[in-house]
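Can you read through this structure? Questions will come right after.
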Amino acid sequence: MAAMFSQNPLMNGPNYSFSQAPTTAGDGFKQHSFYPYTDNGGSTLAISGNDFSIIAGDTRSTSGYSINTRYAPKVFKIGGTTSSQDDATLVLSVVGFAADGEALKERLDTIVKMYRYQHGKPMSVKACAQRLSTILYGKRFFPYYVTAILGGLDEEGKGAVYSYDPVGSYEREQCRAAGAAASLIMPFLDNQVNFKNQYMPGSGEGHALQEREKIPLPKNEVEDLVKDAFDSAVERHIEVGDGLQILIITKDGIEEKYLPLKRD
Amino acid sequence: MTSIGTGYDLTNSVFSPDGRNFQVEYAVKAVENGGTSIGIRCKDGVVLAVEKIITSKLLKVGANKRIATIDRHVGAVSSGLVPDGRHFVSRARDEAASWRSTYKTPITTKDLASRMGGYLQAYTLYSSVRPFGITAIVAGWDSELELPVDGQVGSGPSIGSGGKVEGKTYGGPGLYMIEPSGMYWGYYGAATGKGRQTAKAELEKLDLAALKLSLQDGVKEAARIIYVAHADNKDKEFELEMTWISNIDGPTKGRHQEVPKDILEEAENLAKKYLEGEDDEETKDDDKPAEGDKMEE
Amino acid sequence: MEFGTSGSLNEGALADGIHVDMDRLKKGEVKTTTGAYIANRVTDKLTQVHDTIWCCRSGSAADTQAVADIVHYQLGMYATANNRPPTTQTAAAMFQELCYENKDRLSAGLIIAGWDERHGGQVYSIPLGGSLHKQSYAIGGSGSTYIYGYCDSNWKEGMDEEAAVNFVKGALREAIKWDGSSGGVIRMVVLTKKGANRHLYLPDTDYAVRHQ
Amino acid sequence: MNHLPQAWGRPRDDIYGAYDSSYLQSHGPNQHTQQPIVTGTSVVALKFKDGVIIAADNLASYGSLARFTDVKRLRTFADTSVVGFGGDVSDMQYLDRLLNSLDTEEAYSSSGHTLNAQNLHTYLSKVFYKRRSDFNPLWNQILVAGLDGESKPFLASADLLGTTFSSPSLATGFGAHLAQPLLRKVAPDEEAAAKLSKEQALEAVKESMKVLFYRDARSLDNYSIAVITKDGIDLKENEKLEKQSWAFADQIRGYGTQIN
């Protein structure tokens, strides 16, 4: 199925999961060997606010053009002391190769639980962020094929979002979109969260034009941005849809919401 | 008991002038003050039972199992040092699992006994180890059906294979008892531990060789014999634990399982009644023992 | 690479009330070729692994010989250690273990056929991947592709020894006829309580007469 | 003359030429790259009110040859769950043996069986993921059907990469393309599946098996089907495909003009 379209440039969008680079016939016979990866599509997004962090992800899982399931959560509570994870303080989202994502989540959850047992206090998001980086780099030469985002509250209670590449390079950011529709959502966030390319009308000519003032966004506004981001991503990307899972981290705990998305 | 004080009994593997390995004999002593355990071979199954001496009131009733499952169709119980018994069980499980992974079919009770006998015997050859402080009773039901190779697909002709030798039966009950020396034999009935003499006497009365005893009756007999054997241990409280394995048409379908609570209690009540009957046998008429006899045939 | 056809069959017969000790008939075609040249026109691909447990080898001669040697040794040890002859299941289980665990290093297609007291005659086939299939009859090797039809229509449950021999011979004659890599003499081994009894049929008599 | 011990008993290089070790594997992880040889095709499953129905045909193909037609690809576990196997049959058999030892270990504990379908699925997916990470995959895609911890219907998939997902209806291989759309009409979501009667679910699964027989060249009209509820497993292993329709063939004609 996928091979059929892979030669067509139009269909071969920037990062369709099933777009394989045309195999060069140059190296003679192609050795049929086992390829340990696949891409299960889907997209995730995280935005941090003054006193909250929001991590969201769609719940569709795909392989090629087929939908595996309409409900496969990509956002997980980490480090809770019970199986319901009610007292967790950290949230991890993984997108890309689902099996690696699951394995990574299980490893990080185990490590953060151990930290809590051994240190008598929950792991800070900063410490967990660095620990996740070392986990990813540990498999530098057989990587976890996922883009991970870690969310939580920092020591001052401010929202914290750390985003990663598959082999562990990480950075704290205001917001980050990842996965299949990252290239669609990220520009929207730049403009709507960080007010990029927005100017105060009439505030001056040419260089004197004032940039719009950056103000921390309230939680409900950010939630609406998340919904709009995913609704538009679903319109234009076939691997995103079915359901939207949102986790909101505040000092009072982690609230989880689930809303339907278009199922086409 | 010559050679006691002459140092021949201090190290394992050493023979005394009259050819005895005292460490093994001392190990048998350890077995003799353990709770009584028995096994009974019936025509359609095998029963294992053990007299679990209650060493502390704080122990949860029914929780501390002494009879273990070795493979789905084999169980084992032992008298003597309980930790040695657990080691025996763990090794027996590995042996059964390794047979299954090599031959892709369940191990027969005979082969398991042979392997465990060899294992225990090894512990009498070196002075760096001590013999096992247990005598184990291994009971199993070898399938009477023609088992497929584990994992195999397909089934051959629907009328079955040709050329089978007529008149031979296969599978059935297996009961073996393995001593600290590594010695083992196959038995119709086996008993070990403190009350083994009394138990063996009772077992002999049952004429097990005739292979007439049914599994249901075997369970009742086992309970009764444990209660009778407990007389040698009168001062201590005990708890009866029983397991059984039936043929494919029986209650456990070839698998080693605990005897269900209701059947266990019924057998226990009969055993208690039998014991009361035996106490006032001298004073009252003889209808009670008759009831005891009825239970025996 | 060795080519050829092999087939074997498991039969029981109840001809008019007398139970005939039926056997498992297995035979191997004899022609081995590397490319078009026939290196050995009378090869014997019927390999014994125990008194009445034999196997037909197809695929790489080196691989199948190595596997058969190991199983031969293991079955001998089994018989000695457990003082009872191994069953065909035991042999099949051992063959499968070797073929499955080394599936990426072996090119071995095997058919195992045996007789034992308890299970009578049985046939198992182990294709390239190392899966194990119990069958009423099994065919393998390069010529087998040509005789699926013949075998499917001619095989009957409950055939006696003679009918079984003719069925197998007929199947192989067709394989020899259509497959360039199959030919030469037809070798058979009949496995019964009486033991392993070899048959040999030559093209000289158009395979009609059993060569003594 | 080379007198070193390594050369003893070896054919001399100067006469026979050096040893050709090209086929010996000298580099990289021990490559087990393999390919499925004897394969099973789709497995189809659907949740309904009281449990799950799972089906798979009885064919094991050898490439395009329909070689083995009595291969049962549904395996029960402890009377509580059923695993349906697609993909390589030799790996299916290995997993069958693995489940045997798991069942035996369950019997070790006197508390009897504790593994429900969800636990079984978790266990199997970690087996797949480990083997995948060793580059020595078990070349299968399986569906695990049964009941979860709260005795609610459970259905999930796991495959050679360790990828897992769960859904009210699932199908592997060709079934993902052909059967899933049909099953999703009947059970678009968990609520709809929870209202399905056993008869409706059976109908939908049997319909899928028929469509798969029409369109999947590696399928067979003889299949196994299991219904799992809290009362146990009802497994039938020799069902014949019914109500096929081919009569419309006489309306179709080939290329070119012809008289009838």
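Note that the chains are named A, B, C and D in the order they appear, and that numbering of residues resets to 1 at the start of each chain.
Rule of thumb we're sticking to: a residue touches a chain if its C-beta (ideal position, glycine included) is under 8 Å from a C-beta of that chain, and two chains touch if they have at least 3 such contacts.
All values reported here derive from a predicted model rather than from experimental measurement.
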Chain pair whose interface holds the most contacting C-beta pairs: B-C
Identifier of the chain whose CA centre is least distant from the whole-structure CA centre: D
For chain B paired with chain C, centre-to-centre distance based on mean C-alpha positions, whole Å: 45
For chain C paired with chain D, centre-to-centre distance based on mean C-alpha positions, whole Å: 30
Residues of chain B touching at least two other chains: 104, 150-155
Residues within chain A bordering two or more other chains: none
Residues of chain C engaged with two or more neighbouring chains: 96, 131-133, 135
Arrangement of touching chains [line / ring / star / complete / other]: other
Chain-to-chain touches, reported pairwise for every pair that qualifies: A-D, B-C, B-D, C-D
Interfacial residue positions of chain D with respect to chain C in the complex: 31-34, 36-38, 60, 62, 65, 67-68, 71, 88-90, 92-94
Of all residues in chain B, those that touch chain D in their complex: 65, 68-69, 71-72, 93, 96-97, 100-101, 104, 150-155, 255-256, 258
Footprint of chain A on chain D - complex, ascending: 31-35, 125, 129, 132-133, 135, 137, 157, 161-167, 170, 176-177, 180, 189-190
Partner chain D, residues of chain A touching it in the complex: 1, 31-34, 36-38, 40, 61, 63, 66-72, 97-99, 102-103, 142
Sites on chain C touched by chain B in the complex: 10-13, 19-24, 78, 82, 89-90, 92-94, 96-97, 115, 117-124, 131-136, 157-158, 192-193
